[in-house]
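First chain written, first letter: the chains are A, B, C, D and E, and each begins at residue 1.
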């Protein structure tokens, strides 16, 4: 049941549990960089104790921490917006698949059982569209995950094409146009369903936009330079005051700063397999289940007709 | 009357009254953590007075307070946007239910009294959709709250299904399609009502999106780590200067910081039963009342016809 | 003329004039709280001069001012967004009333003069909808302001109903449906006008959403606690340094901080009668005037026909 | 040619050139206020050297600079959003005029040459709508700029009306309805064009909303008070340390702060004639040229028919 | 294959590699300004060692770094929003071209092979629209890049016109209207396709809006003045403390500040040829390839008919 699958709300997990969580945190990513900063600080401290005057008595720091802080938060903010936009797009995809499948199921007139079979084939194409989009976003080839939602020939054809989701959208559109020509739907209903199909293609295009356009390069480079500059000048400012404590404290501060920067990198491309990425597989599975539920309902024997004779 | 139920505006309550309010504040949630920080500070102070040199003469703090402040506010901001988006979605649901019910009531032609009965059954399905969405968001099973808005068989059927709101949407769509086949509405009106129904399903999907996608885990973990680091290094910086005052002052500062973090946790999932969550029960009740009002109005004997003979 | 009514742009008022403006400023609201802080500071100073060691030599302040500043600005920002969203909604209402009234006036076919009378009655219902919404948002009962836009019976009926704007929307929808049945408009035009009517009901619902959902309580309480904590700990930090100047300076600082918090409270509910609230009466009056202008234009004798014979 | 008119990108102008630019900068606006602050600081310095103890040894400043900074940036941000929304609205107006004129030109059937003349008259009404909106936003009366886009009688009529753009919208709508009655377009096309006309009226209403609703007064007043308080307390903090350098340095700091506040005032009402306002005249001229280009194209002899015989 | 062209995610590139990247960073742009600041600082240091008292013992800096930081980040933020809006618009253009081309290909009835040829000519006009928009945004004349998507006469005609994309939109609209007159599509389908065409013209207008409306001049000037003021007063504050280290440290700080300002300039106009601009050429190429793929699919022999006989 779907209700059982809702993620446990973070409200209900013990607060302190999160602190020690390794999986999903940025610690694995930043550990090498933090260590590098700590060793550098240790080196500076050694030089200091060997009597070389490396202390820099600058009170405010080379990179004003307010400026660095604002840049880091702006970076995280932007990355989060991309993550959230990606999630919204997949939410739109679920909704559109639900609406289009319900409309197809309820509206298109059936003359014989092959019409019903075609309908089911088309509903499966909707899921195939979502899965093909997922594979496209992950730069993966058409694979057997897609195969069970497609007729064999369709699958073979798809393996040879450059942009699978667009072909699937073409097939769905072509099916709807055929129903229109068979007068199973009228021109107005056709157009309304085409608009839902257009929305699905819009979602595909918008996800590709997020994937292919990272934060501008100039920004990424300058921020990395500032972060490194900030961390590497810390030992010179602290060594006079802190002595041998310099290295662990520089490690803690670079953990703070590098961690925030790493979060931005983690979440700005939300379509992969990381712990912090969107659960695309689960979303596709939800769509599949919703459509399987829909198929069990019988549109021609409606709810009210079942109900009123009794 | 609805007008009597408007929440008292915070403008009109005495300002100081809020200060001491326990219910709805984050104090119950953060008290254990604040106490832990205070006891830790007390321990550090004891060590200090036993002559162990624990004082850390670092002026700026390990975690720059600007960085922590920005992260906390960004966190709160994001959580508030989720809360507000959730509220907007339920506002859209109210509006759509109002618009769809008015359209059904005014437009669909009636031939005999059973048509009127079917209309009323369908208007109740709109409320059932809202209640089923609420239960779905709270991971609660179908219950008697839903029962009175559904025919008995519909209710029984629903108890066996995995995603109740979608089945209800199917029933509403199926009813509209039947009216179209009975020529009580034309194709164009059918499509316009389907669009309103699509909006209701969009709201459902968007609420599920908010529920199932918390703030990225990497962010949550890193922020908790920084908050703890900040609070636990405070005593070392203050003990030299403040002596026995260290513990109460560390308690006050951790109250500030942990409180902000707790607000974010409180409001990021707005569909529960907390004092800070959305009043979903009241919203469903408003919909119910609006539709009951609507049913008392008589669409076939219109306002103008009543009015002009006089 | 409307052009004469445009608010004088703040650009063109002398800059310094604003400084001393009492009306519309937050000073009346915060004066008691600022005085309380000043007297508290005076008390602390007295204790200090009586030789009691109340000075707290903490450099950075108990509540980091960066954190408090960010929270205050986030609060103001959120309140402003609510204010601006409220204004946008009323702007949408004006636009929709203009568009719907023009469409009704131009499109609906007239067979005899009673059709024209009905049209005018309906155009007045559009204004009645806006006024009823205004009254609803201010929790005021139906009153004579509404009376002159409604037929007498309609007014009497409305006095007995729980949600007047929704009834008026029902009457407008019912009128349009009648025109459709009289074939004065076709199904497509009916649906387009229903969509405009839906927009009006959406505005109503969204305004109610803003009114009934203040900033989350947890946030309001924590912010007030922090503001008070900040202001009340100031004297302890300053008394050693400033002596008898402590009280006036604490007064100035609390004026700054409490003033920002008070702005948020002022503008977060924009539908009342305060100097900082939206000019709802003027907006309703503008709608009324626009529709009276429209009625003077004669749609059947069109602009071009008047023009070309010459 | 339009391509030649694109503004030179700021990328390509020498960076230092901007520093000395007077026209378009806020310096003319803030010079008197900056001078006042400087003279006040000079007065304080004189008192100090006369031996009166005016120095205030407060380290952090009365108005915390973080709070003032955040408020100033929030103010500028809000003003910029209004500016940008205004620009977006005019962009929408250009687009809608382009789309509506192309649709009218291509779709409406012509039976004789007077139909073509009427089309051209209507296309000119679209430009007249934009110009009338511009005049309305600038509180200017109907003038000869509008005259050449209107038939003489239309112009005379307009001079007597209170809200010219709405009358022009009525004329356009009336023309479209006539074409529908002459069966030059069908009901569906009529409604689609009415929707574009509605968008134009929406733009008008939204621009009026921006114009008539400045930043809330409470906010404007409090910010001005804080800015003044900040600038006037600076000399007391600096005089002990800086001596006769106090006045120039206070001048520089007030230049910084007052300048940011002045930018907000400059751009929050973007419909005037200032160097920082939107180029409304140029936008209207672009529309005019686009429509003149359109008229030179011949819709009945289409592109493909010209092309294929060869 | 498209999948192979996805940009390598920044996640997967070595972190440190970015630090030394010259291409795409802002270093080339800011090097002269940074050098100027360093030489100025060197000059101040020389004066100081010649015994002239240039040291300014001001602790907090003339331009508060919090204010400057906030302004810089607001500037970068605004520029990024323009960049991202530009990208979104081109994403919308891709989606709309995909949807409109699929709709044309699937829906328009063909009577003979010349109809198919006309269809292909029109699909190429869609790409020509995108390319003409690109050229328009770059202020470049119509060139041979456009030629291969246009019939020869169309190309010649275009060379003489002032706003090429609008003429191409006219041709597409005219083609659709012809199909309507030939009854290859009905009025409803025509309007739906016109709406997609309107979206394409909206994208064009919105891109022109971004291009022609830079950040308000008053803002740009004031920010440059503050940045320069900040960098040029640094040596006076540091020389006493740092001696000959002043120049390199001032260089590093101005590198930080000027770099952030330069990022804003780089990305605020995203339609050029810089490394940080949008890949418009690649986007146009993607559209071309998608349409070539589409043409290989055969709409009259649909997917299902191929499939079911087996």
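To be clear about the criterion, contacts are C-beta pairs under 8 Å (C-beta built on N, C-alpha and C of every residue); 3 or more make two chains touch, one makes a residue touch a chain.
Protein identities per chain, from UniProt: A, B, C, D, E = Bestrophin, RFP-TM, chloride channel.
Everything quoted here is computed from the prediction, not taken from an experiment.
Trainee: Please decide if copies subunit C and subunit D contact each other with the same set of residue positions, more than half shared, or with different positions, and reply same or different.
Mentor: Answer different: the two copies use largely distinct residue numbers here.
Trainee: Would you kindly tell me how far, in whole Å, the mean C-alpha position of subunit E lies from that of subunit C?
Mentor: 38
Trainee: Using mean C-alpha positions as chain centres, tell me how far subunit D is from subunit E in Å, no decimals.
Mentor: That pair's centroid distance is 23 Å.
Trainee: Do you know which subunit E residues sit against two or more other chains?
Mentor: Residues 66, 70, 188, 266 of subunit E touch two or more partner chains.
Trainee: Ring chains in order, subunit A leading off, subunit B next?
Mentor: Chains encountered around the ring, subunit A first and subunit B next: A, B, C, D, E.
Trainee: Using the touch rule from the top, collect the residues of subunit A that touch subunit E in their complex.
Mentor: 33, 56-58, 60, 62-64, 66-67, 70-71, 74, 78, 114, 118, 121, 136, 139-141, 151, 153-154, 161-163, 166-167, 169-171, 173-175, 177-178, 187-188, 190-191, 194-195, 197-198, 201-202, 204-206, 208-209, 211-222, 224-226, 228-229, 265-266, 268-269, 272
Trainee: Can you name the residues of subunit D that touch subunit E in the complex?
Mentor: Touching subunit E: residues 1-4, 6-7, 9-11, 15, 18-19, 21, 24-26, 65-66, 68-70, 72-73, 76-77, 80, 83-84, 87-88, 91-92, 94-95, 98-99, 102-103, 105-107, 186, 188-189, 192, 196, 238, 241-242, 245, 249, 252-253, 256-257, 259-260, 262-263, 266-267, 275-276, 278-279, 289-290, 293-294, 297, 299, 302-304, 306-308, 310 of subunit D.
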